[in-house]
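Got some structures for you, see below.
Each of the two complexes below includes subunit A, the first together with subunit B, the second together with subunit C.
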Partner chain A sequence: MMRAGPSQEEIRKHNLGTLLRHVHLGGPTSRAELTSLMGLNRSTIMALTADLTAAGLVREELPKDTGKAGRPSLVVRPESSRVYVLAFDVGVDRLAAARVGLGGVILDRRVALRQRGSFDMPQVVAILAGFARQMLRKTRPDTICVGAAAAFCGAVRKSDGVVRIGPNIGLEEMPFGEELSGKLALGLPVNVGNDANLGALAEHTRGIGLGCRDLVYLHGDVGIGGGIVVNGQLLGGFAGYGGEVGHMIVNPGGRPCACGSRGCLEAEVGERALMEHAGRGGGEAVGRDGVRSVVDAADRGDVVAQEALHGVGNWLGLGVANLVNIFNPEMVIFGGTLREMYLGSAAQVRSQINTGTLGASREHLRLRTSGLGDDAPLLGAAELAFGKVLADPLDVLSRQTS
Partner chain B sequence: MMRAGPSQEEIRKHNLGTLLRHVHLGGPTSRAELTSLMGLNRSTIMALTADLTAAGLVREELPKDTGKAGRPSLVVRPESSRVYVLAFDVGVDRLAAARVGLGGVILDRRVALRQRGSFDMPQVVAILAGFARQMLRKTRPDTICVGAAAAFCGAVRKSDGVVRIGPNIGLEEMPFGEELSGKLALGLPVNVGNDANLGALAEHTRGIGLGCRDLVYLHGDVGIGGGIVVNGQLLGGFAGYGGEVGHMIVNPGGRPCACGSRGCLEAEVGERALMEHAGRGGGEAVGRDGVRSVVDAADRGDVVAQEALHGVGNWLGLGVANLVNIFNPEMVIFGGTLREMYLGSAAQVRSQINTGTLGASREHLRLRTSGLGDDAPLLGAAELAFGKVLADPLDVLSRQTS
Partner chain C sequence: MSQGPVLELRGINKSFGAVQVLHDVAFSVYSGEVTALVGDNGAGKSTLVKCIGGIHPIDAGDYFFEGEKVHVSGPRDAADLGVEIVYQDLALCDNLDIVQNMFLGRERKSGLVLDEATMEEMAAKTLDGLSVRTVTSLRQYVASLSGGQRQTVAIAKAVLWNSKVVILDEPTAALGVAQTAQVLELVRRLADNGLAVVLISHNMNDVFAVSDRIAALYLGRMAAQVKTSEVTHSQVVELITAGRSGELGIKNGNGAAS
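Our next item is the complex of A and B:
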């Protein structure tokens, strides 16, 4: 709620952030377009652009040949190679770190496979901080890091970014962001978010869900996570644990789930269920490769693999149908290993949606696979990390360079 | 997104609306409190109050004995008996209309029972418009109607308020608001919303959910509707059909549902399921009375009634568990006939939640029955109708009195 009228300084800060966000999300944008997008006059846009240019956040240049006669409007582009954030992704069996430039460009990245099993925080923090140091060592002296954030395959408390994880999930507390921040020693906090939530944010911001104000993103790893955008905002819930659609019960009394319940979406549709139905329960390829091998086998006519995929697809479709009734989304996006699973069982998924949802709720629905692939959570973490500089561009910069 | 800085006129309009909203939602409020709530200085609050007083929207008076020495701060209270809206509620077997004063006071009301079965729009519109005329005839000449809205037991399209209803729900289109507005002939549009959505809005605004930014409201009528508040905003979805939790499938292959699917929450938990499980399938009391009679019988030790309630409660609990995992709400509210059903099966509901949700997702959860009872959708419709005067108090008033 707006209280008193904003001061001139607040308006300027807001306008600087808005302009920077436009070029961060939309890429190179002409002054003329910015004038129209922001509803400000040309001289104000010029002044804002000059401030951001002086701060080294954007630069102005002549556009590539426009094919039109006359003097072209200068194009404002983000200083992607100069201004960046550190983004991290802690998956069940993969660790990733990246330097992501303003505008969402991945400038550098490091990936390591992780042994499944118990989570060794000091080890994970050491690996990620090591990756960060390697990447920082390669940067030019005039570059500047304006934030850091991590996507994590667990429930994350909104108030302080603490990861909640444990035998039944939700009991132990792990100050992962604080530990990583300490190890990085850059004087920057590391914000933390759930990986599926951040995947949803990335797909909404610069992926296949661009322009959709209401979408559901389903992320398959070992389990299934969800990130939901409601009216343009990520659904967090009271404490930040919203979107745990993997534990929606779709088959009461069904397969046991790691959470202690039975018949959860992730128990029926997760990687383990698929592998077991396909007769590959023991020791064969797991993760993305395992899922892909079943899809490939089904494509080649392997009846057991086909039936496994179709069975899993029916449960997936039932879960998606429930979410369509609940959210009336414009788009459902399948990410992580669910991309392959969905592609191998799209008919079953669609059929369950057609019988299990209200006509009105599904009439504008689009089903899509992730546009950003495995990078979705990492790019979502980058967006989280860019939050501060977009909210107050000059302040963040003055802190970092002072 | 704020574009240019707001003009003085926009700031004044915003502040007038904010002040009016404070007294509308919070009741009589002292100038001192308003000064602190709105972060404005005392003279600005005085000027805003003077404008609203001149327009007849609020009045200032001395508070009742405060028990403190010294000159008391004047109290600003809404002109509830002068400024009102018309609110309507179209339930499956009940029609209601009310005159609701600023501040959410029901000044007058009319209720009629409706025969179940096919929906006769001209007849329903005629009854509601008749109720409105009866109530308007009794108003004093200096009163003023500033809006009208209706809650409807069906899916409502956000863009134009058209009700979507039909054999499988969602196929036919019914311009209910337009028809009712025409019949009222007051020169006012009638906004329309889904009854459970508006029930959620009312509970969030002035009911048991006051202060909860994330809540799930479940409304039992013949079927089960849902209204969900996410981060303080009602979940609408892409086209406005969000919150149809009654058609979440909790028991795949279970009881047939009116929507054409099987095992939907409303098929397993609705009034019909309870009555049949209790051996009262044919011709006995239906609706609220029927549900209450089963709950009463269970209280008196009737084993069949107890088992029926517990069976239904298990499915209800499973549905709620799913919603808790998905939304991480602070509160789940049981309204309509679900109040009685929940009270008669709270142990089963709680048990399903304890086994079917993540520990983190349920740790702050409160389960409550509706604070507004059968009036929740009606009061939600009133809030919808007050929207315009709260957004621009003086404009709406000048239109109505000119």
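Our next item is the complex of A and C:
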């Protein structure tokens, strides 16, 4: 059946969401700016802000000092300390939980190191839920939790948040979101996304990639994850597994990968490859410390470490070159441990890109390290958790307060 | 950035007595970009930078700033144009705090006394604008700071004066890996904020990690100025060590730069 355009109510819902999103992403914004940003007239903006203010999502204030003549336009601020989400990040070596306020402010956080080895879901869920309870206990009574989401170092099915495979922590088919949601017992579903996908989202909305509509984010943990933003949208693929650049084969028949294949980008560039090439396989330092120790040794003239970094840098450059040819991104961001790896082998990475890509594709390419650092996946999870309230602000709020 | 260079030198010659250090050097730097200045020891990098900074008068050649021909006859002239140089020794005073260092010699006054509040606010704003989170208190003595923090303060000091060109002499030398990463990111942020940055470095990873252009000096001549997206590591090494690489570089030793 044909529909006769959106109803008044739908338009209002859409406008409320859009206004809230502007304030959420752009921080305090004056009514005058909102008027021009949204292309609505002043009385509509006033009505919308009044609704959001009444719901306790934003508040309006006089600006401190505009330095201009005339009556200043009221500034609309997100109620960051009142409206928040719970965000979780499950990495190979690290578990993190945070309470993130509207506007993307981390209000509170808890971090635990995770021992490598087999993944014990009940234990991980218990730790994260415990963190959440600790943080919730410290909140004031007038605060409100409007969502929860987790970043996970594995391939996550979009439809139900089931982690299909996490090769670096050895697990398959795990209903992580459901488990965590049950343990939290807040009556909120926990959305789950791939950590690198969410990292890309965070860098795109509040990090170094702000304003870039086309970017590739590469996240180094033990493996290599990727998130690709095309024309402002995260590339999800058919079922949500898009952007797994770590399993792009760069060296046919090369090193075995935890996924079962050989010569994947993460097999050649991941932490294990670097440590083994540097003669530190099975060593004491792992994760970021391990990578740093190799870069440090190379810097001090350790030939083995230098060779290892050169090799890894060449494969990384080759992988990025392929991505640049396919997606023509404006920016490629190196996050997680890839930050250190890129800075320590940039000469190789760039040389490979410069010889392996079309001149036109790399002309405006910018290579950057993460602007949010280790918080990128966590803040991306927060964005995912805010998704619902931004889509329909009043409905979510009324359900949570009732 | 497709506009012209913010600072451009043409045909610069400089001799110390009988020794000619710079031969007909051309050099351009652009707003919003990091230009890496590379070259072997004794290639003339420091001399070129001191000519830009007005410390050495140039013997011949033209100095253009924002398209206008200018005469720089001293460090004050360069500072007035908006050119700041951070030397390797950083020129910080250990016995002064961060704010005092940033305003050293250019203190703000209100009436007869120093305007500490305004200075502290400006210093805080500058560090904030550079997203510097490593410094906890602005009233810390510089003696108590780490190498990376000192470098950060020295760079912030250069940025404070609405400068347009900031020249950094080996900012990552003598720093550990973690601090090198922070300083490199700061260098990149300066350019992303719109400044023209010149980075002198011997470390090819640093050069390739953050630069947009590479200018290679060889025995006092500009071997080549290239975009970082157009060259490989080995080409740059050849330019540094031999002055040429394939089509790039000095042709047949007649001193003409490409």
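The criterion applied here is as follows: the second predicted complex is superposed on the first by the 392 of 402 C-alpha atoms of A that agree within 3 Å, B and C clash if a C-alpha of one lies under 4 Å from a C-alpha of the other, contacts with A are read in each partner's own complex, and residues count from 1 in each chain.
The working rule: contacts are C-beta pairs under 8 Å (C-beta built on N, C-alpha and C of every residue); 3 or more make two chains touch, one makes a residue touch a chain.
The shown structure was predicted, so the numbers you read here are calculated from the model rather than taken from an experiment.
Novice: Please name the chain, subunit B or subunit C, that touches the greater number of residues in subunit A.
Specialist: Counted on subunit A, the partner with more touching residues turns out to be B.
Novice: Which partner does A:Leu343 reach: the first (subunit B), the second (subunit C), both, or neither?
Specialist: Second partner only.
Novice: For A:Gly236, using the defined touch cut-off, is the partner it touches subunit B, subunit C, both, or neither? Pick first, second, both or neither.
Specialist: A:Gly236 sits against subunit B, while subunit C stays out of touch.
Novice: Can A:Asn325 be said to touch subunit B (first), subunit C (second), both, or neither?
Specialist: In the superposition, A:Asn325 touches subunit B alone.
Novice: Applying the document's definition of touch, where does A:Asp296 land relative to subunit B and subunit C: first, second, both, or neither?
Specialist: Once the two structures are laid over each other on A, A:Asp296 reaches subunit C alone.
Novice: Is A:Glu363 touching anything from subunit B or subunit C once the two structures are fitted on A? First, second, both or neither.
Specialist: In the superposition, A:Glu363 contacts both subunit B and subunit C.
Novice: Let me test your reading of the model: by the given contact rule, A:Ser159 touches which partner, first (subunit B), second (subunit C), both or neither?
Specialist: Neither partner.
Novice: State whether A:Thr355 touches subunit B only (first), subunit C only (second), both chains, or neither.
Specialist: both
Novice: If you lay the two complexes on top of each other, which residues of subunit A touch subunit B in one and subunit C in the other?
Specialist: Overlap of subunit B and subunit C footprints on subunit A: residues 355, 359, 363.
Novice: Would you tell me which residues of subunit A are touching subunit C in their complex?
Specialist: Checking each residue of subunit A against subunit C gives 292, 295-296, 299, 339-340, 342-351, 353-355, 359, 362-363, 365, 367-369.
Novice: Can you tell me which positions in subunit C touch subunit A when the two form their complex?
Specialist: Per the stated touch rule, the residues are 176-178, 180-181, 184-185, 188, 204-210, 228-234.
Novice: In the complex of these two chains, what residues of subunit B are touching subunit A?
Specialist: By the definition above, subunit B touches subunit A via 1-6, 8, 11, 14, 18, 38-40, 44, 155, 157, 164, 166, 168-171, 212-214, 226, 228, 230-231, 233, 235-245, 247-252, 259-261, 318, 321-323, 325-330, 355-361, 363-364.
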